[in-house]
Structures are given as structure tokens and as C-alpha cells.
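What follows is a set of notes on a single structure, which appears directly below.
Order of writing sets the chain letters: A, B, C and D. Residues in each chain are counted from 1.
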């Protein structure tokens, strides 16, 4: 949910985007960046600190729109590179199905996932990241947290629009939702 | 990919639909209807015979658009009821993640999934169906096929736009792609 | 982890079972019984109250060993019928892969899943149950709980050997781990 | 299904192994090694040429037993290193659930997966491999094949005991079962 500054998109200007957002759900991809050990066990989850669609500055996972004509994997790589920098070396998984989906609505009561701007259906992937991450201009910082930390009430409060629930689903998928 | 006659949709008139289809990917749900035995083993796959977006009359799985403001599960049930009738008793699975996704493009060479009308990202589910199926006006017939039949070259030729590949992925997921 | 009284097994007597338990991991199946609505949304999770391998009487999911020569689906149905009664009408899912695995060890520190008797690798499935449940002699009662209740600290304390974590993974899979 | 020469196992001597194999299902892990591009798209599947439990020399995926006290991920890494060499750099996935399971029986008619020695339940993972592979003494060679090649009738005939079906399930999972 991060293309606040993505209006440079060659595919869609602001007016057109506003127009379609009132008419159909948007397709999004979201990635939970993780550090894993040699056995594939998740050691840390990466969170960006960034402006969010609900107007807050919050911790967040990688997120962004799929453009017209763009494959899901291309969108994933584009947003990972945009948010984590060109040296992050994300390992996009071979499986094509997302681990979960998140349905964002302008009305926060429908699913709990909330995006005042639009109805968005997000395909969520867990993406191991091996390289050095340099968050983009949009994101203020990137911090890494153990599964215990990232599911703590304190960090939970620093996430909005439902990203804390996506992180817990990702940890459950990885067998690391221990708390 | 079936809302050829869905222009009665309260959500979007034809002009608006044409407009957004040129600008963003559409969100679709697709369901592979299956008959299962008491152990959950897939015995048969259901195929509709219907007009397809590529202009053919072909065998097809259940397919349709997710409307603005509509949850994925609601869209799944709506299209299942529309295509299989009100007595089909579909068992929409408790898992929220699709078993696979299919990415349809106007250009058939990008993924092999082809929709001349639009770019669509489809969330695919396998849905056991227990009740009596009465295909809607759109669909001419519904026929049930064993895993062996449905992966035969003959039936494969009767499916277009990539539905044969989705059926094979569904059977692989079910452990029933034996051929 | 429930065959405390399963020594009537035709396949393996107590002495043989003790012998193999020291030498190889056992194969288990576990099922999280759920009530779903017409859209497939999990409304309730079923928990048994029963004697557990750690010596406690605790809340637990359906669990049991896969016998020599028995298919996983047959073992699932057998344990579901044993624990929930013959009228439960469990809907074993068409997908053959478990939603998660749990690895039980005599040493509770390896994975947190703990079985003093053995090393067991459990394949976990989420199983919608439509019919009337009558828990077997082994289980004292079966109770149904909303996702909110079943993840509460109170009910969490009533589960041992790691079943609370399996329930949370099942809810995450279903998109219902909201807390 | 490869520990023909694994009798050096510290955990279980031949006599004990024979004894337990008649009494309980064995836990196995199997890995489909893949080469992926930057987008995570599977480009090639790796197949070993090796002695198989059915007495043939055939193409095969990585396969082996989980020892008593050993975690699934440790067994996966051990068998990957044994079969692909110490420089293969396998990327064991963060998700703990296998993509599918295979149930091997002495009777080839039950599931089609056949192991004359035992009943084995195998947890199957797709594992991207980045490094240089040097197959072990057990395996004669390791060869890489495109999805098209590996699903061809010719290569299918060079696989036994069901490994061709596992490869197809892995490709379906990856969205690459195109044939």
C-alpha cells in the first residue's frame, strides 16, 4: 500500500487511478521480508517505517500495486527493489500461489484490513532476503526483528491497516508463531 | 472469465468496465468443482460448456470477476451459484489462500493464459460440490469427468485460454495427477 | 497423540510399539475440527478434553498414529470417527498436503512440541465438520469455541504439548487469526 | 528412498531397521532441486541417476529417511548435502509444510508410489539450488532439465517408484506444468 509517491508511474496518471479505484478492486502484491538460517528457519522479519495509506507513519511490510500488463512476479521484484534497494537479493519463492491474501477495504469493518483509498486484494509472499538492504526514499528505515519481537504488543501497535496480522500469518506459515 | 452476460451488474456498466480494463488488472476468482469421496479423494472434476472470452464455445471451470466492495469468498459463492445453480451446495474451503493463481493477458505469449478483453489475475480454489448442479443460462451443460478423462488430450483440446492447465494444477494439488 | 487406549490395535502390540518408538519417528495425523459458514469462513474450533501423553487432562485437537499399511487419509478418517463419533460427517479436504507439520520430541526444548513417549512427525489438516459430534470414551467432552476464545490466554493454558500453537497456525491458514 | 548405502547410520543398524520397517511407516523427506531465475521462476529441475529401492538405476529426486531425534529440516539439509555435495547451497524454504506428500507402499497398487522395502510417508519440498552440485558416490550423475524435458515421455520412463509424479506436482506448484 505504498505508492503514495508512485505517481511517476508510466502506466496510470493520478486522474485515471482515482477513476478506476472507485470501480474495481486493485491487485496488490505484498512481501514479508525475512532472514533465514541455513535450514530455512526464519530468524528475523524486516519492517519498513513509512507513510501509510491511513495517514500514519508506521511499520510495514513491502507492498505495492500490480500494473496493467505486469506479471505478479515482476511486480514483486519491482516493489522489493524499490523498498529494500538494489542489493537486497530477494529470493522470490518458486511457488506461484501466495501464502495468504489480504482484502483491504475503505470500510475498516469488513475484514479489518483498511485502505481509505481503495478496495485492494493483496497476494502475500514470504521472501528471504540475503543481501544488504537500503530502504528507498519512501521508507525512513528498515529494521529487523525476531519472531518474538515482531509479535509483541509494542511492535503490533506500530503497525496499522492490518500488517501485524499479515506478519503473524507469515510466521504461522513458517512454523515460527511461537508466542 | 464468464461475465459475458453479466452486464446487468449493478456495480459497473459496460462503458466503465471497458475503461478500467485498459488501465488495471482485474481481480478474478476461479473454482475447479470436484466430487470427492468420504476420504476427500477427488473422484470427478466438473466442466461447464460455455462461450469463452476467446470467442469459442469450450469446456471451462467456474470463473468470474470480483466486484468493487465484494469479498473474495462472496464472489466465489456468487459465481458458483450462478454457474452451478442454487442447489449445488459448494463447500468453499476454510483456507483463504488460493491453491494457485492464473494471470490472463490480452497477449497470449506472456503466460499462456489468454483473455483478449483484459489483464486478469485469478485466484483459483478447488471446491467440493455435494448437491445437484443445474448450469445457468450462460453455460450449456455441466459434465463430470474422472481425473484420467479430464487430463486426456481429447478433453484438453476442448478447453481454451488455459483452463486445462488450471485443472492439472488442481489435480496435482489433490494428489490426483496420475497420468 | 491419543492412542493411550489404542492398545487394542491389531497392527502393533505394546512391546513392539515400545521397541520401534525408540528407533524411528512415528507418523501422526492431526485434525483441527472446525465449523464453517456457507462462505467457508471458520466460525468455531472444536476441542476435545482428554488424557494427554504428558499425563495431563487437557484440551486437544484430533490426533493419532498412522498404522503400517494405512494411507494418511484413512488414518485421518479413522481418528476423526474415533474422536468425534460416527455422525460427525468430517469433510476431509481434497488437498493432499498438510497445512503444517508438528514435530514432537521427548525433549521439549527442540521444537516446543512435546511427547514424552516418542518422536512423532504429525501432518496437520483443517477439517470442517458438519454433523453431530459425540466424543469417544477416551475424550471426556468436545466443546466449540470462536477463534477469539480459542486463542485466549485462558484456553491456551488448557492446551498442552503444543496444541495451542497448532490451533493458531490453523486459524492463520484460514485467515481467522485476528487477535 | 536412497539410503541403500546408509547402513553406516549411527542411529539404526540393519537388523533394527528391518524390524521397524515391518511395523510402522517410515518418515521420509524428498526434495525436488530446481534452478530459478531472479523472479523465482523455475528454469530447470535436477535429477540424480542412482540405484533405486526397486532395483533399477533410474533418474530420481533427493530422498532419504528422517532419523530418530532429527528435525525435518535437518534431515532435508543432510540429504541435500549428501546427494548434491557440500557446495550446492540449497535454499530450504521458510514454509514448514511440504508442498505435497507421497505415500510409498510395498504393494504398488495402493497409491502408485512403490517401495518394496517399506511403507514410507514422504514430505516433499521444492528446493532452489544456487551453487555447484557434485553428486555423491551413491548417485552416478546429476543432470538439469527444463520443465518441458522433465515431463517428456522419455524422461518419464527413466523415473521409477513415482518420482515422475512428484516432479509434475512440483512443477504444478511452481506454475510451470505447461505441457
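Criterion: a residue touches a chain if its C-beta (ideal position, glycine included) is under 8 Å from a C-beta of that chain, and two chains touch if they have at least 3 such contacts.
On a predicted model such as this, the values are computed, not experimentally measured, just so you know.
The pair with more inter-chain C-beta contacts, choosing from C-D and B-C, is C-D. For A-C, the equivalent interface among the listed pairs A-D, B-D or A-B is B-D, as over half of the contact pairs agree by residue number. Separating the centre of subunit C from that of subunit D, both taken as means of CA atoms, is a distance of 28 Å.
Each chain gets one centre point, the mean of its Cα atoms, and the points for subunit B and subunit C are 33 Å apart. Multi-chain contact residues of subunit C, defined as those touching 2 or more other chains: 71, 96-97, 99-101, 173, 175. Of all residues in subunit A, those touching subunit B in their complex are 11-12, 16-17, 19-20, 22-27, 65-72, 96-101, 103, 105, 110-111, 119, 121, 123. The touching residues of subunit C, counted against subunit A in their complex, run 100-101, 112, 165, 168-169, 172-173, 175, 177-178. Remark: subunit D residues 34, 36, 38-42, 71, 73-74, 76-77, 91-97, 99, 126, 128, 173-175 touch subunit A in the complex.
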